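There are structures below to look over.
Across the two complexes that follow, chain A remains constant while its partner is chain B and subsequently chain C.
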Partner chain A sequence: MTESLAQLEVAAKQPGRVSRGAERVVRRIGRSVVGIAQQTGGILVLLGKIVRRFFPPDIDYYELKRNLHKMGNRSLPIIGLTSVFVGAIMVVQASAYVQQFSATAFVGWGAGYVILRELGPILIALMFSGRVGANNTAELGTMVVTEQIDGLRSLAIDPISYLIVPRFLSMIGMLFILTVFGNLIALCGAALFGQLTLGIEWRVFFHGITELLKPWDVYVGLIKSLVFGLIIALSSCYFGLAVRGGAPGVGRAVNASVVASAVGIFVSDYFLTFLVD
Partner chain B sequence: MIRFVGLCKSFGTKSVLDGVDVTIGKGEVFFIIGQSGVGKSVLIKHLIGLLRPDRGEIYLDDQEISRLTERQYFAVRRRCGMVFQHSTLFDSLTCLENVALPIRKHKHLGKKKALVEAHKRLEQVHMEEFAQTFPAALGDGMRKRVAIARTLTMDPEFVLFDEPTTGLDPVSARRVDVLIRELADRLHVTCVVVSHDLTSIFSIADRIVMLYKGKVRLLGTRDEFRRSADPIVRQFITGSAEGPME
Partner chain C sequence: MSAHVGAAVAPEARSGWVRRRLADVGAGAIDNARAARLLYSIFIRTLYYSVRGRREKGAVLRACYDIGNRSLFFLTAVMGFVGMIMVFHSCTQINRITGDLHLVGATYIQLVVRDFAASVGSMMLATRVGAGIAAEIGSMVVTDQVDALRMCAAEPVDYLIVPRFKASVVMTTVLLVWAMFVMEVSGMLTAWGMFNVNPRIFWNISMVDFRDLATGLTKCFAFGAAIPIVSGYCGLTTFGGAEGVGWATTRAVVWSCFATILLNFIISTTALYLFWV
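Coming up: the complex of A and B.
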């Protein structure tokens, strides 16, 4: 008798438990959707503000020069190192099949196709996001929490034209240039490891690239790098300016910026691949 | 002249300013005092548009400025400089570059000429030997002097000081007091000072306003404050732990 009463009690409680649990899940999903909508809206508003600074041009050229150097020149070693190994991995992964089918003439084409169209722009953008984007978010976030942005505004200096526009232009421009540089290094890395592991001559390797690849294959990767640069620039600046809550807020913003950039890079890559082909 | 009329400001459910009416005359050294968190800094940030009021009006020489856009506020900010509590110097620039920045932006000088001008401004606050130093390597007092030099590059008619002597040693604090008094006496700059420093308040203020619970508790001269029988005012100016203040 006591047992069945207990069972009845459990049964009576279960519907409520289920609905409360479902409510919690729905609420959490709703909160995430609203959060994403707010962030997307915020990023678009920031883009609008940046675009307005170009009509007429209101850019601090000293800051632009400083950022081009900081974001571009100082990224060269890490991008170069990564790119060499990207090229090497391509050849190492392909080596078993190349030897099996004696397809050494196609190694250059294969490596070039994957590096120039896909792997080069994506991996360089991810490296750039981790190094430059995260740094940018942390720097802007720290400026927000230490009132340096308010300090700029109090000096009648527009933070968008002084701080954001130079960073925006530097990131897009430098990621494009670093992609060109990184692609070249990756191809040289692939050629070098092709010679060391498969004995493919450089002439044969680059002949495969020049004969079998079309200019469009190069342009596709470069178009992608421009879009990735735009995504990294916008998300790193937006999350930096939106920091709230002191040092922990800066940490959260850096995290959010890197995640948003990575997601943006992969999602946009998927759609760009369809659009440009 | 600066005039706040019925200014109200809340952050979430917390009401900070609840109908503040204050008029500040030209060339005055005007102190805003009160407990921490009472809204002193909030009040002065409204003047340069860093915060916008929920209700009320702000007049700068009879022009209502509280509804201006961010861009329209730039003209107000050129007339009203602000020295922040934590100096807000830019970490990525040297002291000289910090001071040169507003000169370069507003006086449309090239970088070299702006740096020469900035060096002169640093000499005025005796900071020229730290021109090439980054702010992070300086103490609070030195940073504040550089921040004052940077604000004065715009030749403002009004300067807002947010706790200019907090964290300074007594000698540096008195030097800042002297600088503020000189600005008013020699250059006829209106100085609005947020402070807890009783020595500063009773040595250089022309008039003082005390805020309490979002409202003006007392507005008057130094003598009027000294003579006040209001137990809240008395507790504040004597710095007593015992009393009616919450």
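Coming up: the complex of A and C.
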């Protein structure tokens, strides 16, 4: 790929071309389009390889257990902390309107709707992608630059079923469970802060949630968290395996992986919002 | 960090489970206090060298290009989708209750200016810019370039963090104001295309007053200052090769995201008590 790009550049530098600026812009656009296509293709190929390992199931269970603990249990404190503040910020933002219209009965509904359907899953997924996704890319990238993956291959151990499949499964499963916990903590944070600043009773707050929201509102957020988990798992594993060039390469890969996860989360959220309504 | 402090206390603490847990908690607290002190010292040194330090020609501009121009496409894409999602949700909810959509635009613009552009946009910037800064500085640390700077009697904070700090304060504010505009345009198009709200009715800035503008701009400024400090701290405390760079990047993303959420909470609450209560 890089060779053909280099050839193109050599060809483009030949005399007889007039507008240098326009050419450079077009070349840059083309290069980024090719790059994005390459990454999307690579991610889909990786997904195909992962899916093939489920028929018949070829998964390392010890590695799966270790990853579940590392990605799930150890992320709980930061997810909980984030969720409390997210809930509190929701109430702070709502309180100016609440005081204007004295609509205390609707605070629970408003905060619950936003947290359960949108903000909870998205912010928890972003934190998860920062903590677990980035760390996963860094770990796999380090294995690639220190040739540990080639070492596994030379021992006839399949890196996909030994390293990638357990991570893939535990990221999807743990993001789902963390979203359930995070939503609950965010609602409690909102209720607590509503009590402290606006003097809304817990009972009124949770009554608003249970009366005006349907179970479907909870399920939508959880379906979203499954899709976000898939996106984070695929992008972090792909960029981790595609690392080139030592320690700076690992840093660049982590950066690319969190950016790709963030874009993927918001774009898929947009389409999911339309699909489920 | 906590692991080897825990290991140092292990011989005496082996007697009981409770003592071991207590030792873990204490070690964690000491680590956090140390980290907070170092973070504070980097913050103060950054402020000092911003005023008193040497001025390298073009360093700030290069950092501006890196932080600002190269995040523009990413931020525009993400914020466009966020705007569409928010307007879609609020319009469907209002249609379910009152069906009167003519104030949607005014309220939406007020919320975007006061909070959403700054909070969601800065989390995106924390992800991209924070990971980039930590990866860059972290690779310099593990390849001993920072020690070389120290040996030349050059303060790493002055050389590495101050230009990024200045650039980030300026560019984050510029980018988040741009994000406000993008969110409003994408929201307006969604309301027009899907709910038949006339763009002229949607584009109603009568509800935005000084209080909203002041809150929103304070947030932009604070987030712009926090991201380079937190990720610069994570980069400078890197240790241990390629894996260390990966860890530093991970911590930078998590803690700069958390810093923006915490600052958002503090600024929102202060503004609530200052302006609205």
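Assume the second predicted complex is superposed on the first by the 259 of 277 C-alpha atoms of A that agree within 3 Å, B and C clash if a C-alpha of one lies under 4 Å from a C-alpha of the other, contacts with A are read in each partner's own complex, and residues count from 1 in each chain.
Rule of thumb we're sticking to: a residue touches a chain if its C-beta (ideal position, glycine included) is under 8 Å from a C-beta of that chain, and two chains touch if they have at least 3 such contacts.
Computed from a prediction, not measured in an experiment: that's the story for all the values here.
Peer 1: Under the stated touch criterion, which partner chain does A:62 make contact with: chain B (first), chain C (second), both, or neither?
Peer 2: The answer is first: A:62 touches chain B but not chain C.
Peer 1: Regarding the shared-chain residue A:85, is it in contact with chain B (first), chain C (second), both, or neither?
Peer 2: Only chain C; A:85 stays clear of chain B.
Peer 1: Touching A:251 in the superposition: chain B (first), chain C (second), both, neither?
Peer 2: Second partner only, chain C.
Peer 1: Just checking: does A:154 make contact with chain B only, chain C only, both, or neither of them? Give me first, second, both or neither.
Peer 2: In the superposition, A:154 touches chain B alone.
Peer 1: Comparing chain B against chain C, which has contacts with more of the residues in chain A?
Peer 2: Higher number of touched chain A residues: C.
Peer 1: Identify the partner contact of A:33: answer first if only chain B is touched, second if only chain C is, both if each is, neither if none is.
Peer 2: In the superposed model, A:33 contacts neither chain B nor chain C.
Peer 1: A:146 contacts which: chain B (first), chain C (second), both, neither?
Peer 2: both
Peer 1: Could you look at A:131 and tell me whether it touches chain B, chain C, both or neither (first, second, both, neither)?
Peer 2: After superposition on chain A, A:131 lies in contact with chain C alone.
Peer 1: List the residues of chain A that touch chain B in one complex and chain C in the other.
Peer 2: The overlap between the chain B and chain C interfaces on chain A comprises residues 139, 142, 146.
Peer 1: Taking the touch rule as given, give the residues of chain A at its contact with chain B in the complex, in rising order.
Peer 2: Its residues touching chain B are 60, 62, 139, 142-143, 146-148, 150-158, 162.
Peer 1: With touch defined as at the start, can you tell me which chain C residues reach chain A in the complex?
Peer 2: So the residues of chain C touching chain A come out as 74, 77-78, 81-82, 84-85, 88-89, 92-93, 111, 114-115, 119, 123-124, 127-128, 131-132, 134-136, 138-139, 142-143, 241-250, 253-254, 257-258, 261-262, 264-265, 268-269, 272, 276-277.
Peer 1: For the complex, which residues does chain A have touching chain C?
Peer 2: 78, 81-82, 85-86, 88-89, 92-93, 95-96, 99, 113, 117-118, 123, 126-127, 129-131, 134-135, 137-139, 141-142, 145-146, 197, 246-252, 254-255, 258-259, 262-263, 266-267, 269-270, 273-274, 277
Peer 1: Quick check on the complex: what are the chain B residues that touch chain A?
Peer 2: Per the stated touch rule, the residues are 45, 48-50, 70-71, 73-75, 77-78, 81-82, 84, 86, 88-92, 101-102, 104-106, 111, 150-151, 154.
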